[in-house]
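So that we are looking at the same thing, I have put the structure below in structure tokens.
Chain nomenclature is as follows: A, B, C and D, assigned in order of appearance, with residue numbering initiated at 1 for each chain independently.
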């Protein structure tokens, strides 16, 4: 890719971080890069609050008797762990923070299509977070992040309403980000940047946005109906008047299953960037990787019923949903195979982001394959609602998504901050996280098959050894997560200044200064080549 | 050219009013199960008229068509797969014969 | 970036790109609106299938005449809205202003009729959870119907209130001469939103008011 | 005690006819998973080492893809997935279809306990005695929120819903005491809503049954039937204003709106609590609702009574 290289020497160079100062310049910014950083900051806060609850849960589970926390407190903690991690960290993480920062740079645009809407999305996120924070500090909520009726509407005496309002609000933040990105990708691409020249991260953000705009409104209306039912003590999910609690589960999972793909798809996009950059190779099977993102987004809408195999759903519907669930496995597998093939005959450089990428591929493979267990009807009956499910989705969400997120943060850190992070510390942290993660969650697969139900405050004694292993792993994992937080902050001041393109990567974001100027590019770039156009002998395989 | 659109809008408006009258009138006739189909069919025709003419979908680029149809298609997914449960729940009687 | 015309925001290259982005954005937003209402339509479909008799009985408590009148009012407002857009496109300021005013008026009439209907439901004790006095074997299922009735018409009315506010702002801006045949994106996208509200009502009328009218 | 504390079971007990079948599927899935995990992790490690950047390997070979490979690694996993699907669906359908001769136990879940009642009388709380070698069917409902009855050793689980009946069946194969869990989060003491299933040799089970006190649910149901005045209308004579209920369960019923359905437990429950919902053809909608007048257990007893009635032919 080429840009018109007009070298303008200014002292000191003006960029998005130093063009204006002060709180106002940040809180009223419409610069997608600053909005991205606002998200990055709030997300990190949410991550550590959610992480605190996770630590407390694991400590409680050290012993079979519920002796550290009371049952009520434990129930609130796993609920708030879920709510905060899902709605306030995982869903916005890569799209709203990294996506916001990188997407316009990647497509050679000056900003997203609707910059003010973009800032509004962040404020909506903050407002939603405020309601949820209120719910947390005013006593907490104990329904589980799934809010199953009639427990959430008729039985629970905790702060369901403020939490529901918070989730309703934060949903619109997600919708507006998705809307913004879709319009941006359609309308704001630089000249010559055709669809098949787009970096795969852009494809994955596009697929993610599709889910955000089509699934999130259903969550919003469902939460609204739930709130009304709780308020009026009567409603459409209330069995006393003929309402069907299973219908709530349908509506809830119509959002919440695709939401899993909101979390993982952008991660997959990041991995495509990392694998190509650090093997200095073009992606293997570009169009297959690109279209598998879209396929995952579309098929992801057809499988929600696999959360209801023992919920009282009809046997026949269950069979349809099981079948469709297997179909969505294929595009995910295709991605894994293509990333692996990309490494073949590359020239692989072991930098921190690549460590995260390799970790992602391995852990996502395990997470994905155990998904096949859960899609198999007869097997799911035994393992659903047990720690098997917990282990499975943490392999996807934490082993997959968080790995990709950290990989992406490290990869784009020089562009974001203009500084390099300490490489060796980065590698050590990635290794600690990988180790801690596996020790935390692998034992939970076994616990699940043994039959330990999820959301249990106390448990039979024979499960203790595996739980102790899991808690030990969690403490390692916790240290692993604190490390990047510390050295990235350190690097802001003491890190080596980063060059415009420290990785020698392709992609428009690397052809502008680090950090980029307010309008991203001195001159609108013109794209003439395919993405991942790394040097090397071209080999044709049929 | 500029003026020619106004009579079209008025014609669409008249068609919508007539269809409203028809759907109200038909609802007083017992058509059995077909009454739901007829009522929804008329509503669909009205919605298509609004989309094509009032919302100018007729003159819009293909992408707009994709977005407009996509919304309804996804609603179709939601309703169809939810009903696949509701409709077939009774097929295997609980308790069994 | 100084070559940008005043009305073109800095991130866009030209007015054409800006217009395309605005319209695409609104259509996508309407797709999300379809799904927002879709959750309630799904619930309605399921319960209508499960409890057809109770829903028929409950539906007969609604006033089909008022529902029909409101349909005509709302379709009329769609006509005035599209004429306002026509006026904006061709620079007929008077037509734009008059039609926007008529749209505001008709939208308010719709809400007024709706308010009359709701208050009569209150008087007849048909408001679930707050004042519901139906008794009899299928009272519970009828309560389900009325819960959905209030949820659907309530959310629809909320959209209309927002629509009226937006049209009001557009009217004020048009009054000050903000719009020209070259730049009137806000009028276009507001029109799209308004027609969408109309479409929702087009489906609500037969679903809520007209099921099982015969034999009533 | 010390032993129990440091035991490390890695595989659950197999104590039902279903358990080995589920485990067989597990081993197939495990085999496939281990194969792919090792293959991919192996490739990652081998490639990472072999193609690491070093003098002599500073430029990659640019391969853009291979349609043949893409098709191969889409179709082969798809075929494997289809095997998993069919296998899993078969097990599921078997688990959803209780044999007709199954011993019936009714169960009501409430925050936070499990209540069971055997057809021959004994009631139990948080403990369920079942015979080995005979199919047992649980007909379940909940009094408040959603619960889920889960017996890991039997590999069975089913949510228990308010306002509806769900069922679950198993055939124990080995005498012993097994965990019974609530698997659907149901509030503060969710993790205390546990108990045990005691599987006994049939002869021993008969002795246990005989030792249990209490009227059979059919007898309680009969008493309830006359207490609630059901028998004033539901009679077997010609002047009866309501349908005769003898042999109702499992019969085809034609409704007033022309539909037909098989009268199952859910239908009977609905007809007691909401009589007008599915009116039988040829009868007036004159029955009052018994919502609030009869408990979930009472409804189950009435159903047991109806099942005990012989089919009468006029």
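Annotations
What we mean here is this: a contact is a pair of C-beta atoms (placed from the backbone, for glycine too) under 8 Å apart; a residue touches a chain by one contact, two chains touch by 3 or more.
What you are looking at is a predicted structure, and each value in this text was computed from that prediction instead of being measured.
By count of C-beta pairs in contact, A-D exceeds the other of the chain pairs A-D and A-C.
With centres taken as mean Cα positions, subunit B sits 36 Å from subunit A. Separating the CA-averaged centres of subunit B and subunit C is a span of 15 Å.
Residue positions of subunit B touching 2 or more other chains, listed in rising order: 63, 70-71, 74, 78, 82, 86-87, 92. Counting partners per residue, subunit C has 24, 28, 31-33, 35, 38-39, 42, 46, 50-51, 54, 140-141 as the residues that reach two or more other chains. Multi-chain contact residues of subunit D (touching two or more other chains): 96, 164, 166, 274, 277.
Because contacts link each chain to all the remaining chains, their graph is best described as complete. Every residue of subunit B that touches subunit C in the complex is listed here, in rising order: 2, 5-6, 9-10, 12-13, 16-17, 20, 23-24, 27-30, 35-36, 39-40, 42-43, 46-47, 50-51, 53-55, 60, 63-64, 67-68, 70-72, 74-75, 78-79, 82-83, 86-87.
Residues 186, 214, 218, 244, 246-247, 250-251, 254, 301-302, 304-305, 308, 313-317, 320-321 of subunit A are the ones touching subunit B in the complex. Those residues of subunit D that touch subunit B in the complex are listed here as 96-98, 100, 137, 139, 164-167, 249-250, 261-262, 264-266. On subunit C, the positions that touch subunit D within their shared complex are 51-54, 136-138, 140-141.
Here subunit D touches subunit C in the complex through residues 257, 274-277, 285, 287-289, 291, going by the rule given at the top.
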